[in-house]
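One structure is given below, encoded as structure tokens.
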């Protein structure tokens, strides 16, 4: 595909989709004197001739002087534009290079989408209601009273327990499990090995040992939710576990029983939420973060990787560490932590000196 | 079900089960002048008319003035009893409200239990021995010489490797795997995606690279053990990995080769035990705790969430942090950590001042 | 098997394999006056009569005075040799007792290896190319254009997506998934529930919410790689995620999109690597370590358990803590952390005293 055609197609996307126009994509700013044939996409330090890449800033900027890419998506930076022009690299500029690059990838690559159809080995209970144009793969098991929307893709080896509902266009990758009392919205993606709606970890201590509390509640994933490989979203004893619209969970994320997560959050790999946690909208949780029982994270807050939240994080706060404190304070503390041995040495000297003074 | 009938039924349970009588459940203390129809259970802040809920204390107490619940399970607190009476809410009081609530849930909800029977697609090796009244779901695979007890439920897509033993009443949820040299007790629950008895991570460093140590030992889960979704309990090179009676593991818990865990422990989500760890009875490990090779946790100890234990925790100790230290010390340290920048500033002032003095 | 025969067989291995001769195994050094019948292998503190065990040093040395083992593999330590001789225990000595013990295990135990053959329920797309002498278990699903090498073992319930390549002798345990655009080398082991090649966690923030970046790259596992149960190695947006030759991953390890991991690394349980991380050769990552986006770990470095790396670790460095600092500094800091309350108390006294002085 010629570079000018890529610009044209990204422009067409822009007409359908305000993302690019909001992103400041301005085709007239492209370095249009060159029109190389583009055959694929690559990272800037790996790109070969015939590929398009991007620079968002930071350490990747340095590769502009050495990249073999034939075309680049640049930020609105005159120095970079001039440098690309000088090297004879075709380019377009935008305030959102990563977003435009994502759209460029989609011009060259279409992920595997199995054909519509129900594999003869899929076991579908006669009481299940199946939508139009679905794919149901080999050895999938769909139990009583399940309701499956239109254009749903259920990959091989998936098990869906009784009474589950799955919305339109949702994809369930191989070997995931959707257990009873789960309701999955439209346009969701559940990756391989994920388990939705299993019993929450509810045991009451008694003199005789653990008494198992039945988990009689519901697990609800709103539209556009994505759940990573081998993650688990548990069913609560009462009420709901709920994940809000367009919230994305990475791999091996644990969502305990009764958590309420808002919309448009991003929850990185191996994060764990204990029971009854409430998370606002637009929250970012870094990898391996842990959130204690009943804690609350306000809208737009960021919890950096490996931090632990025990009580409450204010809206838009950025917190770090275990127990989590404001990020700036944490960074200063961490810087001083390295000097604790030196400080302690001085402290002992003071002590001696003051003992003499007194 | 009428409230009085609930009390009656909980009373019947009490006769069979010392938990409630020990819990101080006293029907005569109930506010019996009201006898609403109860249709379900809910959390106190979510309950609607016709539901029963509970208060254990803490922050939930505040909801007593606003809840729409028709009935409550209260702690032995005269103020709360009076307040419920004044609001016209039926109630019973007990020293263990959460336990009684768990029993109330069980009056209204019965989890999905598949009917007894073997699905025609289940593949059962002719040498396997299958107990009475079992359920074996679609596409389950049971290999040579496996022994399955009575009333076992093996959900769809489960694979059981050769020579495994499964005790009576145990439930294996969909897509879990039980590998060779595993012995699962009675009344166990293995959740979806969990893997029992896979090879431990045993590699010996050599000049030529890693030499794989065969894992020739056994994996034993005693009666009443529960293993959460996508958890793994590994097989050791020699001897046993053993999880004691009634110990409960949450989701994504990693139990390394050769660990010995006592009875009645609760191990929260994403905890990881390296190899050869020994854990006593009644131990509580918070979420994301890590325990190093060969470390030991004494009976009744508590390791709080995200902590790391490198050597030894004394019986009944409560420890926190990485490396874990006594919880009280940790809390004080964490409080001071926040003030490190301020302390460091003062420290520099001292330094200057003392330099002048000398 | 007689002890002398074990020595003989380990000697035969030694002739084929420089590991043992390098290990300093010297049969002439064995205490050959005794030649007990050996029926199995065990840890030194658990061994019974008729078993062979080993001592590598450390706390296990103490068990030499009490062990019931009939034979021991000892380090080159004259005191231990004399003690074993005095107790009438047959022994051999080597500089690598653990390695020789691993080889002894292999004399007594052969892991379950299913017979060659394709189960009639395996679904193999007609376009797939299957090597010689393979095992393909019940309900395995192999999709279009998959290429499977010779002597590969594909256990029950495995799903292999279109176009995947699997090298010779590789083992895929039950219920693992290999997704599109994955290439698995020879002699690899993928444990149950692991997912190779699923979409990386790539979402671009926009004013309208998350825009999903297609993951068009490849996932490559070189020869001899092992991936633990329920781990995930993600496919990147462009380029490759690559795990180098003979690198071993334990259970529940998360490898983000675009990571480049060298050869001969060992990555312990529950480690998480965000996107674009580069790891050198021979790196050791302890359990629950987290590595941030684009961070780099140099050859031969060690990151101790639960640490968090945000930027860069130098070759051969040993680092600890979050954010990770040199291990020695971390240990000193941790020792002082415990004394922070005491230091803080003194600090307040200084403050008062100096206030008086001024």
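Going in written order, the chains are labelled A, B and C, and every chain counts its residues from 1.
Keep this in mind: a residue touches a chain if its C-beta (ideal position, glycine included) is under 8 Å from a C-beta of that chain, and two chains touch if they have at least 3 such contacts.
Owing to the predicted nature of the structure, the values given are computational and were not obtained by experimental measurement.
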item: Angle of the C-alpha superposing rotation, chain A to chain B, to the nearest 5 degrees; value: 120
item: Proportion of interface numbers common to chain A and chain C (over half same, under half different); value: different
item: Centre distance in Å when chain A and chain C are each reduced to the mean of their C-alpha atoms; value: 27
item: Interface hub residues of chain C, defined as touching at least two other chains; value: 139, 157, 175, 193, 230, 252, 270, 288, 306, 321, 337, 343, 347, 350
item: Touching residues (chain side chain B, partner chain A) in the complex; value: 18-19, 22-23, 41-43, 46, 59, 96, 98-99, 101-102, 105-106, 108-112, 121, 137-139, 155-157, 173-175, 191-193, 224, 226, 228-230, 246, 248, 250-252, 263-264, 266, 268-270, 287-288, 305-306, 321, 334, 337-338, 340-341, 343-344, 347, 350-351, 354, 357-358
item: Contact set on chain C toward chain A in their complex; value: 123, 139, 141, 157, 159, 161-162, 175, 177, 179-180, 193, 195, 198-199, 201-204, 206-216, 230-232, 234, 237-239, 252, 254, 256, 258, 270, 272, 274, 288, 290, 292, 294, 306, 308, 321-323, 325, 329, 332-333, 336-337, 339, 343, 346-347, 350, 353
